[in-house]
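Here chain A shows up in two complexes: once beside chain B, once beside chain C.
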Partner chain A sequence: MNDRFVIPGRLKNMSRAFISIGVLTLIMGIIFFLTKNNNIDKTRFWAVLLQDSVFFTMITAVSIFIQAAANLAHGSWIVAYRRVPEAIGANVWVFGTIASVILLIIVFVFRVGPEHVNPIYEWVTPGNDKILNGKSAFLNQGMYLGFTLVTVALWSYFGRKFRSMSIAQQSAPKNDTKIFWKVFRLSGLFLLVYALTQMSTAPWLWIMSIQAHWYSTLFSWYTFASSFVSGMSLILLWVVYLKNQGNLELVTKEHMHDLGKFMFAFSIFWTYLWFSQYMLIWYANIPDETVYFKLRQQGPYSIIFYSNFIINFFMPILILMARPSKRNYFTVTFMAMIIIFGHWLDFYQMIMPGPLGSDWQIGFYEIGIFIGFAGVLIYCVSKTLAKTNLIPENNLFLKETMIHIS
Partner chain B sequence: MHIKYESFIREPLVEGNKDYHQVSEDIVAPIEGKPGRMWYVGFFFSIILLCFGIFSVSWSVYWGLGTWGVNRTIGWGWDITNFVWWIGIGHAGTLISAILLLFRQGWRTGVNRAAEAMTIFAVMCAGQFPIWHMGRVWDGFFVLPYPNTRGPLWPNFDSPLLWDVFAISTYFTVSLLFWYSGLIPDFALIRDRAKTKLRKMLYGVASFGWTGTAKNWQRQEALALVLAGLSTPLVLSVHTIVSFDFATSVIPGWHTTIFPPYFVAGAVFSGFAMVNTLLVLTRKILHLEEYITIGHLEAMNKIIVLTGSIVGVAYLTELFIAWYSQSWGEMAAFQWRILGPYWWSYWAMMTCNVVSPQLFWVKKLRRNVPFTFVMSIVVNIGMWFERFVIIVTSTYRDWIPGSWSYYSPQWTEVGFYLGTFGLFFTCYFLFAKYFPVIAISEIKFVLKTSGRNFKEKMNHIEEMSAESFYHIAEASHHDDHDDTHGDDTHGTHDTHHKEEKTLVDSIMHPFNDEHLIEGATVVEHLLSPIVETKTETIEEVSHEVKQEEVITVAPIVTPVEEIPVVEAKEGTTETNFVVETDDTKVEEIKESTDEVVVKETTVDGGAEDRDLPSNSPIVDNTLPTTDTEKKGDDIAD
Partner chain C sequence: MAIKKFAVATYLDEEVLFPAVKKVRRSGYKLHDVYTPFAVHGLDVAIGHKETDLHIAGFIYGLCGTSTAVGFISWIYTSDWPQNYGGKPHFALPAWIPITFELTVLFAAVGMVLTFCYLNQIMPGVKKHVFHPRQSDDTFVVALELNGKNSEEEAIAFLKSTGATETSIQIAESSWWYGRWDKKEAYETMTHI
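Moving on to the complex of A and B:
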């Protein structure tokens, strides 16, 4: 069975246009923000780049995670479209590299004001702050550099490895299980890596340390949930797109239903973690902890705080609850876009209140940079998708996925 | 018609050479036979423990909670530790029955019944602790929010302790319903096989008059899905609220945001350990190794290593953030926890919960039965210590050094704990004797895709090219799904027509071997893989159908050769067929077979393994089609 994806001219042009918009925005950002002698503008320039690069790295890394999880659980439901998460996962290195460059510039180079302080990561220039100095064994530039590079390197490796192994299976002898079990072991290993990066250290360093005084044990799991649900939505968008192009013949509504269920269930899971974190901090009412939500809920970010909750909880639960809506291409596509936007907003409100305070705005720069990243994603993933047969021939679950019932 | 196929890479879920009848025989055997000596010995000890527990509790109530070791600094001791421990154990049942059902994990069928029973018994045990911890237990009604004569005094709705009352009672109710609704068809099976009047009557009452009609099944499956939907949030909510008992406070070591999900993971962890403990014994004693296979144990061990590692990440996160917070209260709490006088409990927890389960990364150990058993106990000890560590070592070094204290349990508390073991195992022994410990109807549901003898016959599918298989799947798909497929697929039907015919034949009839269904005839040869039906009634039913002339048999599997498919769920003495006509009109023809019951009590309620007469009217294509194996949601369509 052969199913090749030929990148349509329109998609190619669109991705190029998006990338151009992104580059243009970046140049405008440099002109309008970076060269100005205004600390807020400079901070905004970097913080937005940080938000988008981390967001895209994390949501693309979800594709590696879901492959590993499905490999370990012997999931056949994903096989019909597994080239999609493979292609996204194989491009994590692109976003990882961009993110590393941005993060390291922020940590090592970016300083403002006469005192040369780092307005995004306070702990880089802690001064006499007793608490920040106490944390310096973890919050220091060396640790940051090490964890960032190791995380990105490992994710990039696994993302590419899973894809190449899956393609190797295509030319392996029929029903050969050697690669299958090798991937199985690698998947176990990846979960370990993922637990020590996405589920713990990476969000601590990249995001939580922005408000370096504040802490929450749940924070990394919360960030994971946010990334996971948007990562699954991203996979869905690609599947729908390919389906519309006449590819992915094996994908039926049963498979779409599965992805819909993932978006539905993990939106609620995200809400569960959101609620756990919020409610416990609210209930105990310890000033060290409530400072985080005070700024977001009662301060200048309240609009984002509430939209976050409405978009990411009320919309999915109400719209995706019914079975027919999860089997309707329009509804799931619409919801996938909403969810990705919602969690982009979630990342926004995790990152911005610390450095920007009340001076936040979502203007041409925020939107332009997001479009730029989306352009890179479309460009890279479509290129990877076009390289191989979209049907994972010789996959041991290929026949099961053909008769899959959601 | 759905093609019965699964990849060879999956292990069979049912070992040995089984058909439906054999499944019933094997699982019902312990109920119909006399229990062995081990059962009596075990039951006796459980009763003794239960009595000792009742004595200890009575003693505590009579003399007051002063007989316990808890004091003003350490207000919660073994009581709440045991409460959380039992509640945690109760989680595996719901996880298996609800979440694994939603995830379509076939292996749950072998273990769900016992796990759900365990859930219910564990929750019963857990409930004892808060009740008797009230001290003045006769004031217990106070937790119930009803219009009262106490003036403005209402239960404190702000308190997580009260949320517990609601969460756990809801959880118990839903779990019980879930468990019981699954038991009904199996009870009916036992009723129909019963040889004594008493058994017939009791199981008859218990089965709520189940007759095995398509309508019965449809309702039962719809109920299962609804309850699964309800239980899924419950899996999370119950232990989340238990964790709130601690985390809403401001006590360092208790107040931390990771508690809710981490308690849930820990609960699943300990629950699966307990399921392993019970099932390793049960499968051995009741000779159910072919249904609770090594593969089942391995799957549960995988969940144990997964949840154990999640819990491990949570422990380390807590520890790290305690330092990261640079809050001296947090740091001190963890210092006292790890290095204080209770150091041994922390390290026991770490070793049992985080370090030792990592051994399950090794496949050989996951599949080793004695090792699994030992580990399951180790994990449960570890999880007990986790709760002990959280409760006691967070409180024993108070804010004021003058109130620092140490706690050891008194005999009453130990007796109470042992008593709950008595309660738990008394219930479990009774369950194992009188209830089918494996869900018979659910095993039958997966048998033909996952039974070893059936899987062995799938080799020719494995050798087939993916493309040919796809055409067959498509062909069978078109008949019962209205999903639209690309035009391409329609085109290929014609070109591959002839080739497909033989493929379709071979794929739909892979299982027609003689020793499964004896005395195969030509008719059977065509139908045997997919037909289980009642000999006696076929003629009449199809006769009736013909008279009414409502039937246009829907094309079943193949567009080439229309073979009618008949499937009737076995397990009852009443035969029913749903006739699906083209315009999806559903007609039910009921056949009350009271006389047949009498005739059949000596055989098996399910006549699935009986021969088809060669002169059966099946030969002409007028047999009604039933598809009772479809999931409820499909039917609901």
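Moving on to the complex of A and C:
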């Protein structure tokens, strides 16, 4: 079986147009925001770049995680379209590199005002702040540099490794299990890596330390849930696209149903974590902790706060609950786009209140940068997809995935 | 709740069972049910079962649970016995969410279990006719419902042609009943042909 993906001209043009929009927005951002002598504009310039690069790195890294989880569980359900998460995972290094450049510039270079403070990461320039000085054993530039580089390097390595091993399986002798068990062991290792990065340190350093006085012990889980559900939606969008192009003939409604269930279930999981974080803080009512929600729920971000909850909880639960809607290509595609947008908004309200305060706005810059990153994603992933056979021939679970019933 | 006449066939392997069920559905005989010792994937599709509506019932039960919880708690805390707990408002919705969630799950779960039992006619103390003593052991049993026009001999011959190992004609209660096994006077044991 040979199933080659030829990048259609339209997709190529679209990704190039998206990237040009992104680059143009970046240039306009430099002109309008960075060269002005206005601290809020400068902060907005960097904060938006931070939000989008971290968001895209995290949702693409989910593809590595789901491969590792499926490998460990001997999951056959993913095999029919496993080239898609492989291709997304193999491109984590692109977003990881962009993100680490932006993050390190923010931490090491970006300062505003006469006192040269860092408006995004307060802990970089703590001054006489007792709390921030107390946290300086973990929150310091060296730690940040080390954790960021190690995280991005490990994600990039595993993303590319899983793909190359899966391709190596194609030319391996029939029913050879050598590569399979090697991937199995690497998957276990990756889950450990992922637990120590995405599920703990990476969101602490990249996002939670923006409001360094405040902390929440389940923040990383919450960020993981947010990126996981949008990562699955991203995989689903690619699968639907390839299916529309006439590729991926092994993918049936049963496989789509599985992806729909992931979107549905992990939207509920996200809500569970969102509420767990919210309710404890609301109930305890300690000023140290409520400062986070004071800004978001009752402050200038209340519209984002509530629409975030409606988009990411009520829409998935009501639209995706019924079985037929998870098996309908239109509904799942629509919901996947909605979920990605909703969690982009979620990242926005995690990041922006700290540095921007009440001066936030979603204008051309926010949307343009998002489109630019989406363009990079489309460009890189389609290029990777076109390189090999889309059917993972010789995979040990190929027969099982063909007769898969969800 | 009716006494009916059945033509019953047993099979020893699901690889024989599947083509037999397909032949039965094409033949025009009315398929009463198929009994298997374990869950056979795809058999529900082969029998021609419609997708179950159990989950819609579950959704409705869940909504009942949600409204019961929210209605009852809000009635207690806002009008029946309002009290000050830690300076929280009387209508303290976030604090009620865990209880509401639990009650939603409880109502949906219990309601769905009972509905499932009703749809499958199983319940403690309730009896159903057993077509073959080995139908839950190692044998696959297919029961056809015969009407007045069907000839018994033809039905048996047809079942034999599909690869059945044993066949019989049985006159039995078609649905469930509550009470003793021998309470039904019309309950007849197998008349082997």
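A few points about this structure:
In this section, the second predicted complex is superposed on the first by the 406 of 406 C-alpha atoms of A that agree within 3 Å, B and C clash if a C-alpha of one lies under 4 Å from a C-alpha of the other, contacts with A are read in each partner's own complex, and residues count from 1 in each chain.
As a convention for this text, a residue touches a chain if its C-beta (ideal position, glycine included) is under 8 Å from a C-beta of that chain, and two chains touch if they have at least 3 such contacts.
Not measured: the values here are computed from a predicted model.
Superposition of the two structures on chain A shows chain C clashing with chain B. Contacts of A:Ile303 after superposition on the shared chain: neither chain B nor chain C is touched. In the superposition on chain A, the chain among chain B and chain C reaching more residues of chain A is B. When both complexes are overlaid on chain A, the residue A:Thr252 reaches chain B alone and has no touch with chain C. By the touch criterion defined above, A:Val109 reaches neither chain B nor chain C. In the superposition on chain A, contact is made by A:Ser216 with chain B only, not with chain C.
Contacts of A:Tyr283 after superposition: both chain B and chain C are touched.
Within chain A, the residues touching chain B in one complex and chain C in the other are 283, 323, 405. Taken in their complex, chain B has these residues touching chain A: 2-3, 5-10, 102-103, 233, 236, 240, 244, 247-250, 255-261, 302, 306, 309-310, 313-314, 316-318, 320-321, 324-327, 361, 461-463, 466-467, 469-470, 473, 476-477, 481, 483, 485-486, 488-489, 631, 633-634.
Those residues of chain A that touch chain B in the complex are listed here as 1, 72-74, 76, 130-131, 134-135, 138, 174-175, 177, 180, 188, 191-192, 195-196, 199-200, 204, 215-221, 246, 249-250, 252-254, 261, 268, 272-273, 276-277, 280-281, 283-284, 286, 288, 323, 391, 393-394, 396-400, 402-403, 405. The touching residues of chain C, when paired with chain A in their complex, are 41-42, 51, 55, 59, 86-88, 94-95, 97-98. Interface of chain A with chain C (complex): residues 275, 278-279, 282-283, 285, 321-323, 405.
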